[in-house]
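Scrolling down, you'll hit the structures one after another.
Same chain, two partners: chain A is paired with chain B first, then with chain C.
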Partner chain A sequence: METFLFWFCGAAMVLGGLMTVVQRSAVVSAVWLIFAFVAAAGIFALLHAPFVAILQVLVYAGAIMVLFLFVIMMLQGPVLEGERRRMKPALWPAVAIPPLAVLVLVGTRIADHGTAAFTTPLPAGFGSPTHVAELLLGRYLLAFELISIALLVAIIGALAIGKEERKLPWK
Partner chain B sequence: MEAMYAFFMDKAGMGQAGAHVTVAAIMATLMFIVMALCALVFTWMERKVAAFLQSRWGPMRTGRWQGWAQAVADMLKILGKEDIIPAEADKALFIFAPLLVLLGSLLAWAAIPWAPGFVAADLDLGLFYIFAVSSMVIIGILMAGWASNNKWALYGAARGAAQMVSYEIPLALAAIPVVMYTGSLNTQDIVIAQQGGIWNWFIFRNPFLFVSFFLYFVASIAETNRGPFDMPETESELVAGYHTEYTGMRFAFFFLSEYANLFLVSMIAVLLFLGGWWAPIPGLDFLPAALTFVIKGVLMVFLNMWVRWTLPRVRVDQLMHLCWKVMIPAALICTVGAGLWMMASGAAG
Partner chain C sequence: MEVTMTHYLVLAALLFLTGMTGFIVRRNAIVMLMCVELMLAATNIVFAVFARAHADGGGHVFILMNFAIAAAEAAIGLAILVEIYRRRRTVNVDDLKALME
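Right, the complex of A and B next:
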């Protein structure tokens, strides 16, 4: 069962990734990217990491992709007009082979070693929010805080660069 | 649920996987039927509530009593309409968008605890899961607006997405004090922690939770794109918003999902703050748990409609001001305050 689900999610992820790259329309690519993210969440769930799986859907497939779609929609016309070319079919293998190779490698390793990685009993509470929180706010506290400061700086920087000097009519 | 698994495994002789698939299929069908019923009942209720608040009669003729069959007639009309796909639309996305919107609502319904032990997906991360899958609705709305290739639809979708992404934050933050008190994200555990009468409901546990409830309520109105926050559908400027180009069955999907989401946020309010399936006073225990839960949910829906038909629509800048400068700081203060209250009262483990 686990092996079947792994192949299913893995194949879906490769398909999603591939379609993201070869699609002509940027919006359709973004939708395929969401598909790939949801498949990745399935793999996380198989690896006994339900918290990370749900975060993957909430943050990437949900919030981040909404922003992607937003930006694509705002910029469509002028920027993408020159990009309406389909990729040469000769280049398809170059895009397809690396992810497929990874999928087959991981899959055959699972076939070799059985699904031990999926079925071995784990310490109680593994992958639960409590466990993740203990790691984030204990062992990796410094890295966690540094990353959040870096992100904050990036947000403020983006605001400062992108700010338009313009008076709003109701101000 | 346990009984259902036991029945399919022992009596019907299915394996574990077979029983799980069967129960999931039954629950999904059941949820879908309840969702459709919801849309029927709530459309009629919305018209009557709106009429009452505006001193009108509302539908009176279809069916005999109070025009109850109006919703049925409307549903038949929608199903009988021609299905039009605009020539310039992005066909694949146009077809896929309403399905994604409906999928988001249906997935979120799976983790709702109707009665003790009766929940389609009893997840340890239930509440978190609900917030995650309902973000699919936003993507569906954006897709619908873009695929329609219509400026009104696109504006509506952009407004809807901006609003829903922003109000998701206070919505989730308002739920955090409850999760802190329960120590679990499982929806059943949250309800069980509120056993024992109205004074044990989380809304009345302490002042911070009381404020959290109202923050949640306001954010949930914005999440469902309903008045006074119905910027995405402002009929006087945007025709109908993101579903302008949709007709027939595909429009029905948006419609269904809108009312399903309305009931969903109301049920989450009930399970988080209003004691879930527990009766308010011991004397009302004789009602079945699921019925108590649904009655509370419908009362919350009524409150939602009351607000919608009473308050005027806000402006976009007021909407964003309220979210980022009032509600998010207030929700953060509530989280910290509830934590301090827990420590002071010795409830923290």
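Right, the complex of A and C next:
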């Protein structure tokens, strides 16, 4: 069952990623990206991270992608003029060679060393909200507080960029 | 065939490479930002794989950190794009080369 779910979610996610890149309309790209993120939530669930899986749907597929769709629909029509043009054939190798090189490296590595299985047994309740919260407010409290400051700075920055310049408080 | 750690890592690598290629190929700045999100999602999967491999929840905590960073990046990136669109009436990166010329 795990095998089937892995291949199902993995294929869905790769398909979503590819369609995001290939589709010319930004709106269609965004919808495919939501598809990929929902599939990623399935992968997280398979990796015994149920809390992260739910947050992936809520935060990523929900909040962040709604922000993207909102901006796309506010700004422009579906397809940009520049994306109708084909890429110059001379540039194709420059785009294709780095990913292919990485894939060949990974393939040879797997051929030489085989695959690595999960060996460590998991404690009960691994990845549950309680478990993650205990870590977040215990061992990683400093990181948690720092990321909240980073978010605050991001909010202020986004507001400052979006506002008209002469109305900024320090002008 | 049983699903191993390697399967998950290869899946994450594929997604990261897809996002990377998209970032290079696409000319629409909003789609380029979405490709960055795709790369961040791929790194999240790697975090989850190693949290599972070491039975350590620290990976899950840092996935949450990554969510916050992705949200901040999307908010600021889109604010900048809206401002650019207001001034230049385009988000095509080929037309935004004032610093290049």
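As a working rule, the second predicted complex is superposed on the first by the 120 of 171 C-alpha atoms of A that agree within 3 Å, B and C clash if a C-alpha of one lies under 4 Å from a C-alpha of the other, contacts with A are read in each partner's own complex, and residues count from 1 in each chain.
In this text, contacts are C-beta pairs under 8 Å (C-beta built on N, C-alpha and C of every residue); 3 or more make two chains touch, one makes a residue touch a chain.
What you see is a predicted model; the values in this text were computed from it and never measured.
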item: Touched partner set for A:2, first chain B, second chain C, both or neither; value: second
item: Chain B versus chain C as contact partner of A:18, first or second or both or neither; value: second
item: Chain B versus chain C as contact partner of A:73, first or second or both or neither; value: first
item: Chain B versus chain C, judged by how many residues of chain A each one touches; value: C
item: First (chain B), second (chain C), both or neither touched by A:62; value: first
item: Touched partner set for A:34, first chain B, second chain C, both or neither; value: first
item: First (chain B), second (chain C), both or neither touched by A:129; value: first
item: Touched partner set for A:51, first chain B, second chain C, both or neither; value: both
item: Partner chain in contact with A:93 - chain B first, chain C second, else both or neither; value: neither
item: Partner chain(s) touched by A:161 [first = chain B, second = chain C, both, neither]; value: second
item: Chain A residues contacted in one complex by chain B, in the other by chain C; value: 51, 55, 63, 67
item: Parts of chain A lying in touch with chain B, wherever the complex brings them together; value: 1, 25, 27-28, 31, 34, 50-51, 54-55, 57-58, 61-63, 65-67, 69-70, 73, 128-129, 168, 170
item: Chain B residues touching chain A - in the complex, by the definition given at the top; value: 17, 90, 92-93, 96, 123-125, 128-129, 131-133, 135-136, 138-139, 142-143, 146, 154, 158, 161-162, 165, 168, 185, 317
item: For the chain C and chain A complex, residues of the former touching the latter; value: 1-8, 10-11, 13-15, 17-22, 24-28, 30-31, 33-35, 37-38, 41, 44-45, 48-49, 51-55, 57-58, 60-65, 67-76, 78-83, 85, 90-95
item: Chain A - residues contacting chain C, complex; value: 2-3, 6, 10, 13-14, 17-18, 20-21, 26, 29-30, 33, 36-37, 40, 43-44, 46-49, 51-52, 55-56, 59-60, 63-64, 67-68, 71-72, 74-76, 80-83, 87, 95-96, 98-99, 102-103, 106, 110, 115-123, 126-127, 131-132, 135-136, 139-140, 143-144, 147-148, 150-151, 153-155, 157-159, 161-162
